[in-house]
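Okay, here's the structure, questions in a sec.
Chain naming follows the written order as A, B, C, D, E, F, G, H, I and J, and within any one chain the residues start at number 1.
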Amino acid sequence: MQFMLNIDLTLPSNFTKEDAAELRARENAHALALMERKILLGIWRVVGRTSNFSLWEASTLEQLHATLSDLPMFPFMKIQVTPLIEHPVAAAFAQREDREHT
Amino acid sequence: MQFMLNIDLTLPSNFTKEDAAELRARENAHALALMERKILLGIWRVVGRTSNFSLWEASTLEQLHATLSDLPMFPFMKIQVTPLIEHPVAAAFAQREDREHT
Amino acid sequence: MQFMLNIDLTLPSNFTKEDAAELRARENAHALALMERKILLGIWRVVGRTSNFSLWEASTLEQLHATLSDLPMFPFMKIQVTPLIEHPVAAAFAQREDREHT
Amino acid sequence: MQFMLNIDLTLPSNFTKEDAAELRARENAHALALMERKILLGIWRVVGRTSNFSLWEASTLEQLHATLSDLPMFPFMKIQVTPLIEHPVAAAFAQREDREHT
Amino acid sequence: MQFMLNIDLTLPSNFTKEDAAELRARENAHALALMERKILLGIWRVVGRTSNFSLWEASTLEQLHATLSDLPMFPFMKIQVTPLIEHPVAAAFAQREDREHT
Amino acid sequence: MQFMLNIDLTLPSNFTKEDAAELRARENAHALALMERKILLGIWRVVGRTSNFSLWEASTLEQLHATLSDLPMFPFMKIQVTPLIEHPVAAAFAQREDREHT
Amino acid sequence: MQFMLNIDLTLPSNFTKEDAAELRARENAHALALMERKILLGIWRVVGRTSNFSLWEASTLEQLHATLSDLPMFPFMKIQVTPLIEHPVAAAFAQREDREHT
Amino acid sequence: MQFMLNIDLTLPSNFTKEDAAELRARENAHALALMERKILLGIWRVVGRTSNFSLWEASTLEQLHATLSDLPMFPFMKIQVTPLIEHPVAAAFAQREDREHT
Amino acid sequence: MQFMLNIDLTLPSNFTKEDAAELRARENAHALALMERKILLGIWRVVGRTSNFSLWEASTLEQLHATLSDLPMFPFMKIQVTPLIEHPVAAAFAQREDREHT
Amino acid sequence: MQFMLNIDLTLPSNFTKEDAAELRARENAHALALMERKILLGIWRVVGRTSNFSLWEASTLEQLHATLSDLPMFPFMKIQVTPLIEHPVAAAFAQREDREHT
């Protein structure tokens, strides 16, 4: 089950550069672990903004919510969650790829 | 160079089911060819809406625009283009993947 | 897996009263069958508008999308899908209910 | 008389984790009591946001307002109230259920 | 139980002046009857727009919805319903009025 | 000359409960006096929000503005002013009432 | 009593150039007469849009509404009405002007 | 060259009444001088809001921007600038006025 | 005097491809002539949309409006006009360029 | 590859005039260097607002993002990035210019 997220980040104005850097380091380490576990499938930074798109895999909505709530930067995120299904074009492409590699 | 697109589709109200089916078939064949050429990197349908997210590769903005303008359904699309860069987490993940597979 | 939907309905202006009544009859019969199959868990009409809130159960996003696409009035609906998880208060209440009825 | 509410919560930025936890505990105990009294009929948390949907029963608007104003987190809530009536599909379903269980 | 409504009216562009005048006459006669029955408590036209504010009394939400759906112009109305309770100032004023007239 | 106002109130976050209660008491006393002078014709609280609708009489716009500026809570109000005229239905109703009481 | 209006004009798409020209001629003649009667105090066209700002004098809201409803283009106008009072700077300026010309 | 401005004012919450009064006095004196120099052609206060409409004359955009930036309250203003041209009705009226006074 | 414009184009749905092509040819020839006369200083197409940004020079607002109104596609354009002044960085750059080329 | 940016600037309210002046000086020096390197192709200040339009050249999206992130005022900017392609009119004009200067 996949979800597209658009996350806007706003750190509190009283954060020092060190606070921000430390939090960002924890966030990135955390996210990297999620990529390795195939929970976070892709993440792309939006040019010129502290915003990103990300593609998530979750077997339940509870799991998705728990994963997001555990993100170190969660309290500073505004998250837009869009539930996705496979597009027929992506399905046809996957099928063709499969055939070619067998 | 990658771009996230959010496309909303509104077919004209005077389209018959056959018009719509024929156009959709052409659109999907066209999009499949773009996936095979690694121009359309991913496409996901939004649940409950005639809308999708898609990830595109283009070496120039001219190429991206030409590709979009050539889509059979282009005249009926409202397209939101977001330029992307690699997210540090995705970069770290790619690097780790590379190391592991060498 | 549950979802709250807010659906706004706009029938085409060239629909006769008979077209509308016939479509509405089919839509309601269809929705009733979904309630019996525990797919549509609840539906509430918004006062003063052709709009409703509805609560849906689906084991996959594909199933949810297929169910919505099959609705007779789907082409005339603007659907807002919100993925839900159990609220801790509802969980505590369910637990207490269980205890009392055992 | 039923109402759908969509509540967004924003705790003041100067709240400590303890403040928040204590308030949340009071809010949840309060809401649980309302569920037991059949005033709060259902509550669902929105995935990825500090927001929820909830379904309320009230015999008067005064009662609804008093109930909401008494919520411990009321000062930090942005509440959207939508008055509801029974949807014909839900009515037909309830009738059928009744018949079957007699 | 009282509700403030803000209604915007948009007649179809293919209506003749006669269609519009005939419909408006029926709407006004209908509304006048509702005023006499103390269901429509007040109605005010917005300067420079085909829009109005109106104050309604209803003992149930079902009654309010049925009343609105029966309005001859209902299909052409965009209605915003706001549930109201007595304001403490209005309550104090009513009390004082009562005292003075006894 | 009548005006419908929709007022949203946001007290500063550094207000104590006592500050708020004291200000509210002054505001309500002030508003009550305006009702007695037939300047404030009606006021209704919006369910679930610190917002109200109110109907005002003023013989000039200067008088309306002066009245609003003098409200103890004015600095914390966001006010939407809508100029009104008599609706033909209300006019017809008033006429009929007059006839009946003569 | 003065009001600032912002009017956006959208003529129906089935209007011929002749229809539009004829209507515009009537509208302008009508508006000119209103200027001569000191009802329309000023009117300014917005650059690049079929929109204008205009300043109106009316002794009652009824008169303002009647004047607007009588405009030949009224059915095609979207009107934003803002009630105005004299600004203290304008008042001071008027006073000084008076003194100088006596 | 004329411009319609809509200015919303928001003074910082830590301003004392004295700060505000002193700034307002300076702003008004400044604006009065601009009226005398025929740069500020008109200014109207919006009823019930700390907002105004104003009409400005400037021979260049640089002059307009410099004038606005010099306003004592400029840092607290949100300004909407609309470039204007003479409306044909105003032109016809001016011409007629001229004829009559010669 | 310079202005940034953002123009969105929506051709009527009953336009044939030939109508559109013919109009576009006339629009482009017209715009090219404006570039040669240094009135249209730059024009950029927005990727994925029938929208563009353009930079205009005009000695008066009347001239700008007349130029825009004369565009063959004007009736189908939604135009956002932003008045501009020289940015100090551009001024410093121009000065430096001048020095270097003397 | 070109991009149109619309940047709104909001300095923190606790900045002194000196802080702001110093930051602005650094920003402008930085931007001037980008103009000399043909990365910032143009920049225009919006009249009456702390906002500007700017035209950027970048050979990659990474380069554009890095350039923006390095701006001294970046943390206080809200940036809207619009990817651009050459407009056919600009292309025709460039061609004609070339021909004439050869």
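Everything below uses one rule, namely that contacts are C-beta pairs under 8 Å (C-beta built on N, C-alpha and C of every residue); 3 or more make two chains touch, one makes a residue touch a chain.
Note that the coordinates shown come from a computational prediction; the quantities given were computed from them, not determined experimentally.
Ranked by how far their CA centres sit from the centre of chain I, the chains are topped by D. Each chain gets one centre point, the mean of its Cα atoms, and the points for chain E and chain F are 19 Å apart. Work out the mean CA point of chain D and of chain F, and you get 30 Å between them.
Averaged C-alpha coordinates give centres for chain A and chain H that are 48 Å from one another. In chain E, the positions touching at least two other chains are 2, 45, 47, 61, 64-65, 81, 83-86. Screening every pair of chains for touch gives A-B, A-C, A-D, A-J, B-C, B-I, B-J, C-D, C-E, D-E, D-F, E-F, E-G, F-G, F-H, G-H, G-I, H-I, H-J, I-J. Across the complex, chain C is touched by residues 5, 12, 61, 64-65, 68, 79, 81 of chain E. Considering their complex, residues 13, 45, 47-49 of chain J touch chain H.
Those residues of chain C lying in contact with chain D across their complex are 2, 4, 28, 31-32, 35-36, 40, 42-47, 52-55, 82-90, 92-93, 96. The part of chain J that touches chain B in the complex is made up of residues 1-3, 60-62, 64-65, 81, 83-86.
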